[in-house]
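Structure in structure tokens, see below.
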Amino acid sequence: MKTIEGLSFKRKIFFFGALFVLIHIAALPGISYSDTDVQEKLTIYVVNYPLKYFAERIAGDRAKVVFPAPSEGDPAYWMPDAETVAAYQKADLILLNGANYAKWVRKVSLPRSKMVDTSAKFKDRYITAEEVVTHSHGGEGAHAHESLAFTTWLDFDLAAKQAGVVMEALSRKKPAAEDFFKKNYAALEHDLLALDNEMKSIAAKNPLLPLIASHPVYDYLSRRYGLNMKSVHWEPDEFPSDAQWSELRAMLKKHPAKWMIWEKEPMKESAERLKAIGVNSLVFDPCGNIPDQGDFMSVIRRNGENLKPAFQ
Amino acid sequence: MIDSIYIAWQYIRFNKIKTATLIACITLISFLPLSLQLLLGESERQLMSRAVSTPLVIGDKGSSLDLVMNSLYFSDEVPELIGMEASERIIESGLALPIPVYARFHARGNPIVGTTLDYFDFRRLKVAEGRNLAVLGDCLLGARVAENLGLKPGDSLLSSPETLFDLAGVYPLKMKVVGVLQKSHTSDDLAVFVDIKTTWVIQGLGHGHQDVTNLSDPTLILKRSESNVVATAKLYQHTEITKKNIDSFHFHGNTSVYPITAVIAVPYDDKSGTILRGRYLSRNETLQIIKPEEVIDGLLQNIFRIKNVLDAVISVVALATVLAIILVFALSLRLRQREIQTIFKLGCSRLTIARLVSAEIFIIVLTSGLLCGVMILVVNQISNGLVRMLFIR
Amino acid sequence: MINIEKLHFSYLTGDFHLYISKLNVEKGEKVAVIGPSGSGKTTLLNLIAGIIPVKNGNIRVGETRIESLNDAQRRDFRIQNIGFVFQDFELLDYLNVIDNILHPFRITRTLTLDKDVRGRAAALAEKMGIGDKLKRQTNDLSHGEKQRNAICRALLSHPKLILADEATGNLDPENKDRILDLLFQAVDEHEATLLAVTHDHELLKKFDRIIDFRNFQSKEAV
């Protein structure tokens, strides 16, 4: 049998040429030229859980959605480290809530071309947070810009619009999957608008019902569903101080609420003391971070169930 | 021939001063137009390539040349400032990617260029050492800046006050060097890049300090109301952004009106570019949109008109020098008449005498040529930086 | 060695006219040529050497008829057969001693400069007493040394005829004697003939014969 060395120059060329072609043909099954789009998943980084949920519902298996904020704490006040910022920079898309939600965005460098402000289209409907004390310098200095309410997704009509912006951004990035994204968005929009209707119907039972919010995070919920709500600054895991109790009592004199809405289950002592003065507690989780159980939809539905007793 | 060259060489060596003068004259008169040609060619290349690679620039309606020179080459001539809304307007149009640029401040003589991360992708700049910008206060050095200042990732760089007489104005900010860019042989090598928000901090539009709403020292508070607290100038503001104090950093007012010097617009396609240009044609428009290529082309036309004049002047000078050199040789021959007669008497032919003189001229011209060649090579090596130093910055 | 017959020469300008009906110099003779300034002594040397072409008359050096040679031939003949020693030495100040000696070999293709010639040049210089100064520039030499340098240059090509034009004119009395002795010694060693123009009557006794140019002005030969 002849070895390769024994072949003539022309035959060597033919042999290696054939080998080259064979290798490439053999490699073909590993590469799906008709569907490279599907193989290349988009990497999407988000700043809060609602956006993560929307992106996952819409993108399906066409994207990997990353939300690196710690599971404890409010993502709005989280500050990523340099490595995490670098990871955001490398993403295909960076979904922002808008309304100055993620305070850290103004302190880091992110590529503008990848950033999507999901609430920019309705910035004329932003709510100024009246309870925040701003500051300025000197006689005529401008105020620090910290006075916008940012839980826009609690207005489920606006949430649907935010999801729409997510769908458009994904479609621009992956035009071949536009129909897929639209289909998924339609389903998500249906679910969000169903939530919207559900909330409306709950609130409609008692439109003027006075409510107290433990924290001023329900502005968009309040506006959309016509809730008669005032806020204090109480933490669920801290027993309020005497001054805080006094403030509440003074508030109750003008705003006789029977229910206080908490972001999460309050301390037993706080709930009992509230009960003693005629104020019941219910939990309406704003769902800004990943829930311990369930998903966005199940959490909001549970929130709705929690609200029902108050409006009956 | 070798003998003629040997004798010529001995003559040249003996008459060092005369020879050196002749070589200097010929070298200079050859070097001047060639080096000018080289430098102008290099400046044309640098200016044009940078300009061609930058599709559109938006800025204040003023000198378009100042606008281009500042936004592309970071020249010290700062055009009138425009608001950040100019960049947002382009995002909203959906026609181009806007890259805002704020090139106003300096750090140890090097321009600080505030921009966004898109700039680095647009200019195809890669990080050679360290990492890219991530957090407020980070700075990314051009390759030459790092070399000249001896800085590397982890070091600090202080921004320079705009003027010594306005201590309450632009604050020196201690920036953290996080990376060094690869050499690009463009103006980017000589710049200090920061996030545009960092330039606003340098300007004093953003800062960090204690929580004003919780101050105990009454001398720090000018006025307090239910919704706002006014702090006095005594309130200490951080001059460096660290992990510990970054949470305290914030911006006052609406960032849409925050200043920038220009916006580089990268249209998504030709049609978008045309539509975008059309949107700035209104008489009421306060901004201008320019194609840097057109501006630089106009500048080069003027430069080359001047070059033609320079060429004419150099030609006249060259002619005069050549005539002077011929005169020197002629006088030299006359002075050597006796020597020529001697060697003629010894048996040297007129052809050999001509060969001897030619050999001298050959050596002088060759030496001048080599010297000129070496000088041109040196100029070629440094032309990149020299052009930037002489013509661009 | 030298035979001149019916030689007429005059310059285009001026009244000068040289006429020599007959002049002979034997081989190995050391002949002095004297006469008043402007009498044509140097002109005669130039005619013999072929520097000035002979238009009218005959000059034979050895077997060669100078008047029949063209410019190039006269040049070649001159450089191979005639050595010159000048009053002002006529050395090239930009060449050193050895290069001055070798100079004739560098300015013509008729003579070939090789290792042998370099050796002879060094030996000649040694004999003339300037062997230790080969690398010195001529400006660093005394008058006597310069003339020795010039004599070496004249002798290097083994010329048959040495033409010396006031060779001792710029030397002090002590050096004149010594240089002339050296020249005569070298001429003897090389079996050459010497024709020397001189104004120095004190040296005439050293020569074999004297040609007085006062006899040549439109008169018959010696």
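All chains are identified by letter, namely A, B and C, in their written order; residue positions are counted from 1 within each chain.
FYI, a residue touches a chain if its C-beta (ideal position, glycine included) is under 8 Å from a C-beta of that chain, and two chains touch if they have at least 3 such contacts.
As the structure is a computational prediction, the values presented were derived from the model and not from experiment.
> State which chain is most central when centres are taken as means of Cα atoms.
Measuring from the global C-alpha mean, the nearest chain centre belongs to B.
> Which chain has its C-alpha centroid at the greatest distance from the C-alpha centroid of subunit C?
A
> Where the centres are mean C-alpha positions, what is the separation of subunit A from subunit C, in Å?
It comes to 115 Å between the two C-alpha centres.
> How many angstrom lie between the centres of subunit A and subunit B, each centre taken as the mean Cα position?
About 45 Å separates the centre of subunit A from that of subunit B.
> How big is the gap, in whole Å, between where the Cα atoms of subunit B centre and where those of subunit C centre?
For subunit B versus subunit C, the centre distance works out to 73 Å.
> So which stretches of subunit B touch two or more other chains?
Where subunit B is concerned, no single residue meets two or more other chains.
> Enumerate the contact residues on subunit B facing subunit C in the complex.
3-4, 6-7, 10-11, 13-15, 338-339, 342-349, 352, 356
> Given the complex with subunit A, which residues does subunit B contribute to the contact?
Against subunit A, subunit B makes touches at 91, 97-99, 116-118, 121, 131-136, 138, 178, 195, 197, 212-213, 222, 226-233, 235, 246-247, 249-255.
> What residues of subunit C sit close enough to touch subunit B in their complex?
46, 49, 51, 72, 75-76, 78-80, 84, 86, 90, 92-95, 99, 103-108, 110, 113, 137
> Going by the contact rule at the top, pick out the subunit A residues touching subunit B in the complex.
79, 82, 85-86, 89, 103, 106-113, 130, 133-139, 141-146
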